[in-house]
Amino acid sequence: MISIKKLSKHFQTKDQTVQAVDDVSLDIEKGEIFGVIGYSGAGKSTFVRLLNRLEEPTSGEITLDQQSLTQLGKNDLRKKRQKIGMIFQHFNLLWSRTVYENIAFPLEIAGVDKQNSKEKVDELIELVGLKGRENSYPSQLSGGQKQRVGIARALANDPEVLLCDEATSALDPETTDDILDLLVSINEKLKLTIILITHEMHVIQKICHRVAVMEQGKVVEVGDVLEVFINPKEKTTKRFVQQLSPLEHDPERLKDFITEDESKEVVKLHFVGGTARRSLISEVAKQFDVYVNILQGSISQTQEGSYGTLFVELDGERKVIDVSMDYIRNSGVEVEVVTNA
Amino acid sequence: MLNELFPNVIMDDLWTATYETLYMTVISVIGTFILGIILGLVLYLTDRGNLWSNRLVNGITATLVNVFRAIPFIILILLLIPFTDFLMDTIRGPKAALPALIIGSAPFYARLVEIALKEVDKGVIEAAKSMGAKTHTIIFKVLLQESKPALVGGLTVTAIALIGYTAIAGVIGAGGLGDLAYMNGFQRRNNDVVFACTVFIVAIVFIFQWAGDFTAKKMDKR
Amino acid sequence: GSSEEESNGDSNGEDTTEIVVGATSVPHAEVLEEAKPLLEEKGIDLTIETYQEYVLPNEDLDNGTLDANYFQHIPYFESQQEDIGYDFVNIGGIHIEPLGIYSKNIESIDNVEEGTVVLLSRSVADHGRVLTLLEQNDLIKIDENVNKDAATVEDVVENPLNLEFDASIEPALLPEFYEREEDALVAINTNYAIQAGLEPREDSLIIEESDSPYVNIIAARAEDENNEALQTLVEVLRSEEITNFIEEKYEGAVVPVK
Amino acid sequence: MISIKKLSKHFQTKDQTVQAVDDVSLDIEKGEIFGVIGYSGAGKSTFVRLLNRLEEPTSGEITLDQQSLTQLGKNDLRKKRQKIGMIFQHFNLLWSRTVYENIAFPLEIAGVDKQNSKEKVDELIELVGLKGRENSYPSQLSGGQKQRVGIARALANDPEVLLCDEATSALDPETTDDILDLLVSINEKLKLTIILITHEMHVIQKICHRVAVMEQGKVVEVGDVLEVFINPKEKTTKRFVQQLSPLEHDPERLKDFITEDESKEVVKLHFVGGTARRSLISEVAKQFDVYVNILQGSISQTQEGSYGTLFVELDGERKVIDVSMDYIRNSGVEVEVVTNA
Amino acid sequence: MLNELFPNVIMDDLWTATYETLYMTVISVIGTFILGIILGLVLYLTDRGNLWSNRLVNGITATLVNVFRAIPFIILILLLIPFTDFLMDTIRGPKAALPALIIGSAPFYARLVEIALKEVDKGVIEAAKSMGAKTHTIIFKVLLQESKPALVGGLTVTAIALIGYTAIAGVIGAGGLGDLAYMNGFQRRNNDVVFACTVFIVAIVFIFQWAGDFTAKKMDKR
């Protein structure tokens, strides 16, 4: 549905040229929820701003529904944009309008009549939990409340494509979940295509179908969410995936367990779904004369089996430990001995 | 008592002059507002990087605006006489002063409008663009709305400057308080008349300023 | 406009005639105001239009906005006719505003020092008068080829004392300059001098005599030369009542034409 | 060090009175890192803004270092504020100043000389990873970059108290970690007191000593981080704590395992530190004839033992399952049978 | 060729007048800038809810500003004569026009300054406050810096209005292009002089406007 070809955007500052987006090619399907992650300054915001031509590309092409967006005339672009909702990182609310009026704005633009508009806006206000604050001005709202107005506004005109720039990063987990559920339900009901920038991996995990990882303007990795999560290739991706179980790699806390003692070995077990049996740890305990002490980590059940990482201490004779490790390896779980580096 | 302090002040004249000043000011403020907003919008929108970015139109508008600000007001009045005659069917009195007053102050207000529009957050303009707003909508629902306090502030300043201009418009018999002060007060050395007129003008200025401040404050929801 | 009123007046015939007269504020408008009730008695309804400067009243007379004007003296009237080509007539002279030259520090016109500053009104209509007055006292010489009444500072051909002319001062401000520019010669119209508390005959170094050619007149379009209403206007303005009024009110600053 | 007594702040809007902060009493120790969490609109921002009197309290008192802040004169307040750094939710950078000049601003205010100022600013720019962008203006930065400028600015003048309003919520995990490490190290070195608003629980977990939970202007729960995490009392708190292992409570995904089958039981094991042995699962496997299948959950090692939650399936005879559960319970781990509700 | 088209234009006079206009404008722009910024700051700072919030001072300043804007410029010149004499030691010529020009336009610029300051983001003022900035620092490093483009824009508008005022200042012999146009052009019906003066004034206006726009644009880093 959205096809991006060799898209680049350069900014000229006094000292240097910043290659905010650098030769990006991508295809995003209709009805897909597409996540974009990357470090601060990687070019994520610039990338989505190119998608509705708020930023004119330096080079490259964007095709939306067979139509070249980059060559669209002013008027056609305007019409197209009415069907592309956008949630801004900095909200960009009109301070002169109340919450209600801000949300009604895209409807006014699209020429929806007052009655229908009111219904829609009231519904959205309810959905984003701002009931009772309709007549407040943005300056009277908290950060998260402003963000929610921005979200409601972007959804008001039933867009076909929704661009979200850190739409939930000012929100608490409860509100985030509500908003995400809302997005998923619209996505399913109306085949809304969503492109979603975030640095919160659980957002990606919860609702995205595919994810792209940006680094210095380039897309360095792209794929199905689970695939990328299970098998992150790039260092950046690994760092992001790690966020899902933030404690697992805390070397400080593992240090105490890593000793010279031959009879104890700290290993990292990496469950990658598929063949891995769930009862692996008790199987090992039963079959071999070792104790498996779970130190830290997290594991979760996905459609395709267990997925996650556990750090465990194997406690037993050296030989037995080695055999157990082989056994675990053969069950389809990656095993890695952790040493003090 | 008053008669002793102000021996030369004729109340009827003062009221007539007040009426004339108000008449000229109010009508020309309205005209200036409309013309100034239009010119200011054109200046802003055709500037580089903005919605209608157009060097030629910008250049022409800027030239027009600058030329009309450049011509000394007294000469402007005289230059406009044929135009005034055509438009108002008279070249004398308060009514005849209106074209010159409006044409003299609209370019000025246009610049204030331009400055106010430049202060509008680029982000909200982008937001409106991203919703597919027509330029028309962006102008009326974003630019003019978000700059309201500054627009009103600028209009207040212009209105008060206009009160000053009406005094000069006395040369074509427009009357008004400034003219009364000059003709019956200053030229005849009747200090009481000058003083009375000034008090009346100050009162009008205060009312305009107060109304402007009040409106601007009321509109400012930041 | 007032031309309509005028035609109204014509159609109404004998009972009342309306005339519109343009005038500058002092003393012309004041004199006309005084004459207004007298004219009413004679069936003439006078409308006074007040002007701030000396260009528009002639312009308005020419284009029919005014029936007559009362602000200019004969030399200016003539130079205007010549320069612009107006077809006007002088219906009658009413008064003279003698112009004087004053100075705070200079005791006599014979003691004027080299390089003294001369301050003139910014009204071009007055320049010739002041220069003529100076010439009469041998301070300067004006180009013989120019009409003395219309002479400007540039027409001064001999200036032995190197007088420095500044001819751009607002006439009403001249008394202020007299007070503060103590070493200067200041040419002040008598009306402003009196209003500022000066005694023209005593305080001036030189002042125009009553035989001055600078008689302020009622001017009208040539076709109205024999207009009855305008004739009546002149009559009334020359009447005893008005003459007395002028003498009392302006205490010599404005001298009625006899 | 900071003592807050019956602090309240009300806002008057057209329609209603908003009780943003409502009768809050708290004590925060010197050198403490104090977290504040709560839903959007709970009053967190208002609360910290009261602490440096950017917002004048409606009632109540704040004492800082024995001094009543609420009664401080203008000049004393100004001096005090120089030692209270603040990171704003919306950055509040000066657009007319470059990155460098923005960070140097508090130093100018404190009258630090150019040379010392330069050293400090360069160091901070390096620390927040903006080297090379010193001369950019805020309008040329990405959201996260702006946030980092705000952080560097708040730290420039070596404050004694640091107020952070969602300081890291615009940042990717890597940058977040760097910033948090930086905060901890300053906290340890200089006994910096930090009050930190966030909705990211791993931030709280990683660096906070104590945490307060706000709801509708009130502090509904406050305590040591681990304590609150292990034993959240309020519903709000529970919802936040859940964020740390977002998958564990996903009932959708557990459903498949919960069956009528007598020989299988899904239980939730809650490790609360202290006595719980790490090798519990292999012990059970060895001693009883059951298989322990780890379904999902996460566990981590803290100074005080294992802490976390695991959902496991016990697979064996009914009786043996019951015995195993007793055994586990006796080891100091909370056991809860999960049913389909 | 030029001599034929402009028979009455004396180039020397034109240059002198240009010099006088520039002299008066430039110096009074500087004076207006300083005085206007001070007054504008006082108006802004003493307003309700701002740093020095003080009804009395605000009221007095507003009154002063309004009164001086209310007095017709010609009467202001007259009223200021003693003050001018005391300050400048002359009451004639371009130098003597300066006090009236500055006092006449500073209140006007003050209002534009006030409007510009109101547009400054409250957030950055808070940020500065939270760092313990002195009011002095907030004024010079935050308020004035963050409103620079609007301040410069307003100054440009004021400067061009001042060019118009210099024409009126002709009444005390200040000279300048406006006065030349009136005296040698308008009064003597020399249309070529009026035209030449207007062209020169337009040129000056353009230079001021261009310089102002350029500076404002350069300063605007948003």
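For reference, chains read A, B, C, D and E in written order, and residue numbers begin at 1 within each chain.
Here is the rule we use: a contact is a pair of C-beta atoms (placed from the backbone, for glycine too) under 8 Å apart; a residue touches a chain by one contact, two chains touch by 3 or more.
Chain by chain, the UniProt names read as follows: A, D = ATP-binding cassette domain-containing protein; B, E = ABC transporter permease.
What you are looking at is a predicted structure, and each value in this text was computed from that prediction instead of being measured.
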Ask   = How many links in the shortest chain of touching chains run from chain B (ABC transporter permease) to chain D?
value = 2
Task = Select, from C-E and D-E, the pair of chains that is joined by more C-beta pairs in contact.
result = D-E
Inquiry  = Between chain D and chain E (ABC transporter permease), what distance separates the C-alpha centroids? Give it in angstrom.
reply    = 55
Inquiry  = Based only on mean CA positions, could you tell me how far chain C sits from chain D in angstrom?
reply    = 89
Remark   = CA centroids of chain A and chain D: separation to the nearest Å works out as 21
Note = Expressed in whole Å, how far the mean CA point of chain B (ABC transporter permease) lies from that of chain C is 36
Ask   = Touching two or more other chains, which residues of chain D qualify?
value = 90
Task = Find every residue in chain B (ABC transporter permease) that makes contact with two or more other chains and list them.
result = 182, 186, 222
Query = Which positions in chain C touch two or more other chains at once?
reply = 53
Inquiry  = So which chains actually touch one another? I want all the pairs, not just one.
reply    = A-B, A-D, B-C, B-E, C-E, D-E
Partner chain C, residues of chain B (ABC transporter permease) touching it in the complex = 89-92, 170-173, 179, 182-184, 186-189
Query = Residues of chain B (ABC transporter permease) touching chain E (ABC transporter permease) in their complex?
reply = 62-63, 66-67, 69-75, 78, 108, 111-112, 114-116, 118-119, 122, 149-150, 153-154, 156-157, 160-161, 163-164, 167-168, 178, 181-182, 185-186, 194, 198, 201-202, 204-206, 209, 216, 220, 222
Remark   = Within their complex, chain D touches chain A through residues 11, 13-16, 18, 37-41, 44-46, 89-90, 132, 135-136, 140-145, 147-148, 165-166, 169-175, 199-202, 205-206, 236, 239-240, 242-248, 250, 253-254, 257, 277-286, 290-302, 306, 308, 310, 313, 315
Query = Once bound in the complex, which stretches of chain A touch chain B (ABC transporter permease)?
reply = 52, 54, 77-84, 86, 88, 90, 92-97, 105-106, 108-110, 137-139, 153, 157
Residue ranges of chain E (ABC transporter permease) in contact with chain D within the complex = 121, 123-124, 126-134, 137, 141-142, 145-146, 148, 219, 221-222
